[in-house]
């Protein structure tokens, strides 16, 4: 099997899955982390499409600015100071539903 | 005109001058008002230069970078472009003079308004002159972003909410347009409109990108049922900004719909009929909502929804008499820019004077601001399509085109829509002539704010008289 | 040569996918963030392999930028998110 | 999940279904348009043919700064307008940064000086290989962000004037060059032969500074405090 094709198949699968997971995430913080991961994978996608210039721009923006911007924004959202960061929000949701 | 003036590259200057003005106003925030107003006059002068070049020399072309299509980008000024450029110049100058007086009490807003407005103007002038679908995307982005920022300038909660919604809609529309551009390049290997017109061969390869682009542009134009973002954005912005948004910005995306339509001339009856039906729905829905509003600016904003509907009535009528229907639609767009600009400026003056814009509390405003009320009434005449206004010419052309083809239903829609328009305009005028039970504090309104609105409204009426000279400019543009 | 490099790159990519499980599962924000940082390292390795495998030396620049800037998100997390929400000492 | 328990502002099931169907239809349309008919040869041939006259040997740079430089000029206007818009929202929020740990300071003293170096490298590389003003500016901006969030900064208290001049430099220089080449019967942005390479580098250098300041300015999220 063509190794390039194998790599691309894995890449596309991961890319689509990360995109979906980031969009569908109910936990905003998890969505942000997934978005950062999405930028990484997308950059490799640009490489495989033969667009190293775009990959470079995606690397610089995705790794450098976008992640920091989203995290800083998340930290400023109201109602965040009461919660410990990274508390198991899924667990909380479960509790909430049980109540 | 001396020769060196005539030799200046007006097409380029009409884009470069507002950009330079935006930069100057941004780095000199304390002098933003003076800089902004001066560059507004210069920009309008450059636009007049393009118009004069067109009248004396015919359609103009400028190959940026000297490469020419398909490698480079071409600028083109034809009859449709210069009508739009002229419209932006007149409305732009009036709004600029108005804004200089309007922003005196808001020293923190003025340094923000001028750079954004000049960026917006540059984007409009660039959009009207571009012959390259990708470059048009870039101009759409610049226009959308500065328009959103202008709405957010108000700073209040509802305005920020409206701006956010506007931003998302604007981005979605741009994205759909961009998908279309990518597909066109994929299929035909160029993004130049002239070359695309030669190479486009119909079929799915053309239909899908064209559909995506037009759908995106309709979203940005605010055609029913894509209008939901429009009243909050236009209604909560500062008065000069509302005038620019309703007068010019929605016309730019409509212009682009027309440009694409004239370039590719889609076949079939279905899409034109759909657009016409959406237009008719917009006329009724917008007018009824306008009648129900309590706040003056929201009434005017819903009136924009309704009047935009008229522009799309031309699509189902263009089958047999394309010249007449398209001329009517374009002329309506022009006169709506003047009239709606004047109406928002008048509403802003009334709001400045009374500190509110509740319609049933207008409280004999006619005694205190006769000029402003005259502006509102004259603008209303043009909107309702009463002779001899520009709105009358536009609606008459549409009506005649409908009657000539025996499509009486469209004629009926046009007439009923006009009656509804007259109703909500007279509702405002009625309250302006009656005393209110409550007492309101009164503020001084600068004279410049009153007479700019009046002159713009007079312009909307006078457009009716210049139609015999303006309409032939469209020869060669219409399909 | 080519086959081997791209094969290894695909394997690393699968590793990255496995790391996504940690992002999804958590349980703390730091777990998610650390997993994302690990992706950055993996991405550098993948890009260097691709640079050889695809004979595109320019991809090393991309890897370089990733390596340099991976720290930014981590610092933003530590300074703005973790230290503020009472991650260490609570309230 | 029943509709009663969904958070306010979230679309209902029907709306979601309609949106999903519309998106599926759009995706199917795009896929059909991609599959149907021929693929036209793009412009890469024309770009390659004109490359020797463009002043850059990297085709991407030649397209961005020469053949379609006008697009890039307007994109610089978009970026500048974005900052103007953010500044119009209000002064930058005051955020008391946490005292940085010694580890962070040690790391910064290595990373932050490296960034301008890489920035200069990417800018220079852009004329012949992947790189260029946007990438270089973004790297520099990232270093600025690192500096800001490390708590050892008065970045928000940076005087407005140098910042705003730096922000407009990119578009200003680009516009000045585009107009300055016109006398003598040339078109907008038509670089004189022989000068193209130097002018492109000049435009890119100014653009790098601006892009870095613009991106960092967007991160700061408001105007400097001494700005009226």
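Going by the order they are written in, the chains are A, B, C and D; count residues from 1 in each one.
Simple rule for what comes next: a residue touches a chain if its C-beta (ideal position, glycine included) is under 8 Å from a C-beta of that chain, and two chains touch if they have at least 3 such contacts.
Everything numeric here is computed off the predicted structure, so don't read it as measured data.
Comparing chain pairs A-C and C-D by the number of C-beta pairs in contact, the larger count belongs to A-C.
The geometric centre of chain A is 11 Å away from that of chain C, both derived from CA atoms.
Centre-to-centre separation of chain C and chain D, using mean CA positions: 23 Å.
For the pair chain B and chain D, the distance between C-alpha centroids works out to 29 Å. Mean C-alpha position of chain B lies 48 Å from that of chain C. Counting partners per residue, chain A has 52, 55-56, 60, 63-65, 68, 72 as the residues that reach two or more other chains.
Among all residues of chain B, none touch two or more other chains. The multi-chain contact residues of chain C, meaning those touching 2 or more other chains, are 58, 61-62, 65, 69, 72, 75-76, 80, 84. Contact between chains, per the stated criterion, is found for A-C, A-D, B-D, C-D. Across the interface of their complex, chain D is touched by residues 58, 61-62, 64-65, 68-69, 71-72, 75-76, 78-80, 83-84 of chain C. Residues of chain A touching chain C in their complex: 3-4, 6-7, 10-11, 13-14, 17-18, 21, 29-30, 33-34, 36-37, 40-41, 43-44, 47-48, 52, 55-56, 59-60, 63-65, 67-68, 71-72, 74-75, 80-91. Residue ranges on chain A touching chain D, taken from their complex, read 52-53, 55-57, 60-61, 63-65, 68-69, 72, 76. The touching residues of chain D, when paired with chain A in their complex, are 58, 60, 93, 95, 122, 130-132, 134-135, 138-139, 141-142, 145, 149, 215, 218-219.
Taken together, the chain D residues at the contact with chain B in this complex read 26, 29-30, 32-34, 36-43, 46-47, 50, 66-71, 74-75, 77-78, 80-82, 84-85, 87-90, 160-161, 164-165, 167-168, 171-172, 175, 178-179, 182, 186-191, 227-228.
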